[in-house]
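The next part holds the structures, each set out as C-alpha cells.
The same chain A turns up in both complexes below, where it pairs with chain B and then with chain C.
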Partner chain A sequence: MGTTVSRRWALRAVALAAFMTSAAFAADPVKIGSVVSATGPAAFLGDPEAKTLKLYVEELNKKGGLLGRPVELVLYDDGGDANKARTFATRLIEDDKVVAMVGGTTTGTTMAMIPVFEDAKIPFISLAGAIEIVEPMRAFVFKTPHTDKTACQKIFEDMKAKGITKIGMISGTDGFGKSMRNQCLKVIGEYGITVLADENYGATDSDMTPQLNKIKNTAGIQAVLNPGFGQGPAIVTRNYAQLGIALPLYESHGVASKSYVELAGPAAEGVRLPAPALLVVDKLPADDRQKAIGSAYKAAYEKATGQPVSTFGGYGFDGIQILTQAIARAKSTDPQKIRDAIEATKDYVGVTGIYTMSPTDHLGLGTDSFRMLQIKGGDWVMEAK
Partner chain B sequence: MLGRLLRARYATLFLLAAIMIAVPYLAPSAFYLRVAAVVWVFALAALGLTILMGYAGQVSLGHAGFLGLGGYAVAIGPARFGLDPVLCLFLGAALAGALAFLVGRPILRLKGYYLAIATLGFGVILALVFHSESDWTGGPDGMAVARVTVFGTRLAGAATWYWVTAGALLIGAFLALNIEASPTGRALKALHDSEVAAAGAGIDVGRKKLAAFVIGAIYAAFAGGLLAAMNGLITPDAASFMHSIELVAMVIIGGLGSVLGAVVGAAFLVVLPQALTVLQEYEQAVLGLLIMVFMIFLPAGIVPTLRKWLLERLS
Partner chain C sequence: MAEFLQLVFSGLTVGAVYALVALGFTLIYNASDVINFAQGDFVMIGGMGTVFLAAAGIALPLAALMAIVAAVIVGLLLHRLAIEPARGASPVALIMITIGASIFIKGVAQLVFDKQFHSLPAFSGDAPIALGGATLLPQSLWVMGVALALFVALYLFLEKTLLGKALRATAANRLAARLVGVNVTIILALAFGVSAAIGAIAGVVVTPITLTRYDVGTLFALKGFAAAMVGGMGHPLGAVVGGLLIGLLEAFGAGYISSTYKDAVAFVVILLVLFFLPRGLFGGRTVERV
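Entry: the complex of A and B
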C-alpha cells in the first residue's frame, strides 16, 4: 500500500514536472524579426548575417530562451531589393507582430525599412554601414557596424602619430568609396592634415596609373589614402608598387579580407589599414577584452557553417546580442522598453567593438573598435595600439 | 451569359474593381494590403509592356529604366526644385514619354533580337546614370522621397496607398482596354502579325510602333513614381536589368496581350515569393520551377488559357 501511494505521488510529480516544462515551452515565444539580403548581389554580407542570427537564436533557446520564453526568429530574405525589404518589414510588424528587428544588410534596404519601424515604434538594429542610418538620430533605429567616419578617424589618428600632415587621396566612385571620401574630408581638419591631390577612379577601371602618377608628381605628399571597396583597391595597390611610389599607402576597412591580399600580391607588402579585431582575433594579446568573445564566435561560426568567419556575420552577432541582452535587462517585451534598454547599452564587449550607446549615439563605437594593421609577408600584423 | 461576359470589353474592368473592393475585407492585416498595393503598381508597369509587347509585338528588356525614371522624378523634383510631388509624378511620366520618343525613333528600326539588345542597353544606361550621378540621385544607396500630401492630407499607411494604387491601375486598365479597341490598337495588332502586311494595308508602321513604345514608357514611369512615393525611397536597383526581366516575365506568365493577364502576372511574381518564404533556402529554386511549369502547361499565359478553356466549356 505504502509503495503504491509513493509511486502514485512520484507519477504525479513527474506528470506535474512534464506539464510545467511543456507549459514553459508553450509560453508565447519572443518574436524577433530579421530581413537580410541572404541572396542577390549583397549575399556576401547577408548570408553570414543570416547564418549567425540563426545560430545564436538556436543557442539562446538551448539555454532556456529569454524571460523564460522561447525565442522565435522570423527571418526573410529580401535579395537586396529595397522594395521587397519594405514589404517584408511590413509583414514582420503587421503579420508576425515581432517585438524588435535585427537586419537590413545594405544601406538601401535599411533606409527603405526605417519609416516602417519608426511609424510602428518597433526597435530596429541595422547591420548596414552608412552613417545616415543613425545621423540624424531616429528614436527606434540603431546599428552595429562601424561607419566610414570611424575608419577615417582611425587612419588620421595613425597618420598624426607618425607626423604625416600632407596626403594624397585616390577614391573609388562606387557607393563605398564616395561615402568614405566625403566622411574623411569632413573630419580631416580635426587632425591638421591637408589633401594635396584628390583623385578618383571608376569601380570597374582596370588601370589607375595616370591618377597615381599625378599623386606621385605632387610635391610634399607624405602618404596616400585609398577609400575603396572590391577589386579597385587591389589594382591601386599593384599600380602603386609598379610606379615605385615609396610613400606609405593606407587602405580602408573595405578591403580587410584575405582576397585583397591575394589580389594585390606582393604589392600589398607594407600597406596599412584599419580593421575590426575579429580579423586578427588569434593575434590579439591575451589581455585584450575582445579576445575571448571574438575567439568564441569564430569557433562557433566556423564549426556550424564550415566557412571562414567574416566581420559581416560579426555585425549580426553584435546586433542579436545587444537586442537579447536589452530584452533581458528590460524584463519585458514591450517595444518601447526594449528601445530604452538598447539605448542604455553600456560597455557591451562585442566582436565588432565595445559598444556604449546613449540618447545621442545609437551606434556607440569609437575608434578603438578598429585595429591598425599592416600587411607583412602576405599576412596581417598588429601595430601597437 | 458567362460567354458574353467573357467577350465584353469592360468585363475585365468590373472583375478588377470587384477584386479591389474584396481584398480589404479578406485581408487579415495591413501587410496584405501592402502586398496588394505592390501588385497594383507592378501591374500598372506591366500593362505598359502589354501594349508594347502584347499588342504591337515589340520586345523591351529595358523597361525598368522608365520605372526608375518615374521614381527619381518624384524623388528629385521635390528635393532639388521644391516641386509638388504629385506634379512630379506627371512630370516624370511626361519625361519618360519624351525620352522614349527620342530613343524610340532609332531603336524601333531594329527588329527581334536586335531590338531586345538595344532596349536592354538603354535600360542599363539609365540604371548606370541613377547609380553614378550621386549628387543628383544619392548614388547606390538611393534617395529618400518626401511624403506626399494631397489636399492637405498626408498619404501614409498601407491602406491609403492600397486605394491610390488601385485607382491608378483601374484608370490604366481602362485606357489600355480602350487603346486595344481603337484604330491604333487594331493597327498595332496588325503589325504584330506582319509588318509587311500592315504597311501594305496603309498603316504607318514606324509611327505606330513609336506610339506603343511611348505609351509603355509612360505607364512604367507612372508606376515607378507611385512605387517611390509609396516606399518613401527609390534606389537604382528599381531600374535594374533584373526588374526589366521581371516585368517581361509578368506579361508573359499572365498572358501576352491580356490586360487582366498583366495583373495576374504581377500578382504571380509579387505574391509567390511572399508565400514561398516557408521554404527558406529553396524559395528561389521553387519559384523558378513554378515559372517553368506554368510556361510548359499554360504557354499562352494564365489568363488567355483559362479564358479559352471557359469559352470552350460554354459553347
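Entry: the complex of A and C
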C-alpha cells in the first residue's frame, strides 16, 4: 500500500516538474481554430497553409506564446468538402471553444463556414480568393489573399500603360476562371479596354486550339488574357505557342508558381502575369519593405518542410500573423475585441502585401500588392514599375 | 480552310487519346462483359510512372517501359484481387468493383506520386509543323501513330491468333469456352494485363500534350467510355471511330459554335447515335450474346 502511494506521489512530482519546465504553459492555452483542405483536390493550396500555420504557432510558443499564455492550434482537414468544413467549423466553436479562426482554403469551404462564425461572433480570417467573401462586408469575416478583382486591375493597368485597348479573353469555366472573368469584365470599362473575343474552356480540357484559333482569326486584338487556374492555363500557353500567336499573353495570379513555368515549358516565354512579392523575393531591391519578411518566411518554410515556398502558404502566414498581432494589441482573447483589433490592422507588412484594414475593407490590399512579372528563360523577371 | 484544318488536327489528336482508352475498354469488355472504369487510371499510371521514373534519373524509354510494366502488374492485381474473387457476380456488381478500384488507385497514386500536375518532354521536339495554314505538334503524330499501331495489333490479335479467339470465345459463352479447353481465368487475366498495357502506353504518349496528375483517369475513363459506346462496345474499330468522332465533334463544337457548348455538342450527337443505333455504330455484330 505504502509503495503505491509513494509511487503515485513520485508520478505527480514528475508531472509537476514537466509542467513547470515549460514556463509559459501554466495558463490555459489561447485556442486558435483552423479548417483547411490539406488533402483532396485543393491540397496544393491547403497543404502549405496547414504546414505554415503549424510552423508559426510552434514558433510563437517557443517565444513564450501570446499574452503570457501558450497558443494551441486546433486544425481540421476538410478534404476540400464544404459540408465537412461546416461540420468542423461548428465543432471548433462548440467543442473546442476557439477564440478565432484562420482557414478556409477554398471559396466553397469558406462560404459554407461563414454563417457559423458570423452567428457565433467569432472572427474568421479566410485564406480563399474570391471577392464574395468580403463583399458584401460581414462583421467577423476577413481575408488575406488578393482578390481576382485586384489582379484584373493590375493587368489592365499594365495593358493601358502599353497602349493596349482591344483584347481577347479565354477563361476557364471552373470557379476561379468564371469569377475572375466576371470581375475583369466589371472593371474593364474603367481602363477603356474592350473584349473582342470572349472564349472559354473546361477545367479538365486537354486541347484549347479551337478556341485560340478563333481569337487568332479575330481582327484587331492586341493582347490575350487567360483567367484560369491549374493545368488549363499551361495548356492554353502551349497551344498559344503552337498556333504561333505573336500577341502578348497575360495569365492570372492563379498560375503564379514554378509548376506553371515547368508545365508550359518554352511556350511560357514572354508571358506576363501579376504575382505577389513572395514569388520574386530574392529579386526584390534591398529597400523593398516586403523583402525582409518574405525572405524570412521563405527560409523558415523551406527549412521546416523541405519544399519550395508557395504564395498559398504565404496567405496562411499573413492570416496567423494578423490574428496573433491583433490578439496582442487587444490584450484580450475576447472574440469581439479581437475582431476590432483585426479591423484596426494598419500598415502590416506581410509576405502577400501590405495590409491596412478598415471598417469598410476587410482585405486591405491594393494593386500595389501585386508585382507585374514576365517569364524569361524559365524564370520570373520583374517589370519596371 | 486553314481554320477547318486546325480544328481537324485538334479533333484528331484529342480523339486518338479517347480512342486509345476506348480500346482498353473494348478488350476487357470482350473478355469478361465488365466495363472497367479503372481503365483511365492505367493511363494515369503510365504517365505519372514515366514522369517519376524519369525524374529519378532513368532514361525516358526505359522509364516508359517500367511504367507500362507497373501498369500491367496493377491490371493483373486488379483482376486477381478484385474481379476474380467476385467471379459469378453480375456485370453491374463487377462494374461497381472497378469504380471502387479506380478510387483506390487514385488514393494510392496521391501517396506514391504527389498531387501536382506533371509533364513529359515531347518525343520529337516542340516545334509545330505548319500544314496548309494550320499547325500540328509532332507529338500529335505520335499519339495518332501509336493509336493506329495498337488498334491494328489488337485487331490482328483478336481475329487471327488462337489466344485472341479464345478470348472472344470466353466473352461469347464462358461455359462453352471452358468445355472446349479454354482456361478462362488465364484469359481474363490476359485481358486485364493487355488492357492495362494499352492504357499505360496511351498515358506515356499523351502526357506531353495533356499533362498528367493522379486524378486524370476519371476524365479519360468517361470520354473513352463514351467513345466505346458510340462505336459499339466490344468492337475495336468502333472504339477508334468513336474516339475520333468525339474528338472531332468537340473541336468543331468549340470552333464553329461556341466553346461554352463544346461538350454539349459532342454529347448531343452521342445521344442521337445511341437513340437510333442503340448498339453503337459498329455494334450490330455482337447480337449473338444473350
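By definition in this document, the second predicted complex is superposed on the first by the 361 of 385 C-alpha atoms of A that agree within 3 Å, B and C clash if a C-alpha of one lies under 4 Å from a C-alpha of the other, contacts with A are read in each partner's own complex, and residues count from 1 in each chain.
Everything below uses one rule, namely that a contact is a pair of C-beta atoms (placed from the backbone, for glycine too) under 8 Å apart; a residue touches a chain by one contact, two chains touch by 3 or more.
The structure presented is a predicted model; accordingly, all values stated were derived computationally and were not measured.
Student: For the three-chain model obtained by superposing on chain A, do chain B and chain C clash or fit?
Tutor: After superposition on chain A, which the two structures share, chain B runs into chain C.
Student: Pick one for A:148: touches chain B only (first), chain C only (second), both, or neither.
Tutor: neither
Student: Between chain B and chain C, whom does A:77 touch in the aligned arrangement: first, second, both, or neither?
Tutor: first
Student: Based on the superposed arrangement, let me know which partner A:209 touches: chain B (first), chain C (second), both, or neither?
Tutor: second
Student: With both complexes superposed on chain A, which partner does A:86 reach: first (chain B), second (chain C), both or neither?
Tutor: Only chain B is touched by A:86; chain C is not.
Student: Determine, under the contact definition given at the top, whether A:158 touches first (chain B), second (chain C), both, or neither.
Tutor: Neither partner.
Student: Is A:108 in contact with chain B, with chain C, with both, or with neither (first, second, both, neither)?
Tutor: Touch partner of A:108: chain B, not chain C.
Student: Looking at A:318 after the superposition, I want to know if it touches chain B, chain C, both of them or none. Which is it: first, second, both, neither?
Tutor: neither
Student: With both complexes superposed on chain A, which partner does A:244 reach: first (chain B), second (chain C), both or neither?
Tutor: Once the two structures are laid over each other on A, A:244 reaches chain C alone.
Student: Quick one: classify A:95 as touching chain B (first), chain C (second), both or neither.
Tutor: first
Student: Between chain B and chain C, which residues of chain A are contacted by each of them?
Tutor: Residues common to the chain A contacts of chain C and of chain B are 39, 173, listed in rising order.
Student: Write out the stretch or stretches of chain C touching chain A in their complex.
Tutor: 3, 6-7, 9-10, 13-14, 17, 110, 115-119, 121, 126, 128, 135, 137, 206, 209-211, 213, 215-216, 219, 251-252, 254-255, 259-260, 262-263
Student: Considering the complex alone, what residue numbers of chain A touch chain B?
Tutor: Within the complex, chain A contacts chain B at residues 39, 76-77, 80-84, 86-87, 90-91, 93-95, 106-108, 111-112, 115, 119, 130, 132, 173-175, 178-179.
Student: What does chain B use to touch chain A in their complex?
Tutor: Answer in residue numbers: 28-32, 34-35, 38, 132, 134, 139-142, 144, 156, 158, 227, 231-233, 235, 237-238, 273-274, 277, 283-284.
Student: Would you tell me which residues of chain A are touching chain C in their complex?
Tutor: Against chain C, the touching part of chain A is residues 39, 41, 43-44, 47, 173, 199-202, 204-207, 209-211, 213-214, 217, 230-231, 234-235, 241-244, 259, 262-263, 265-267.
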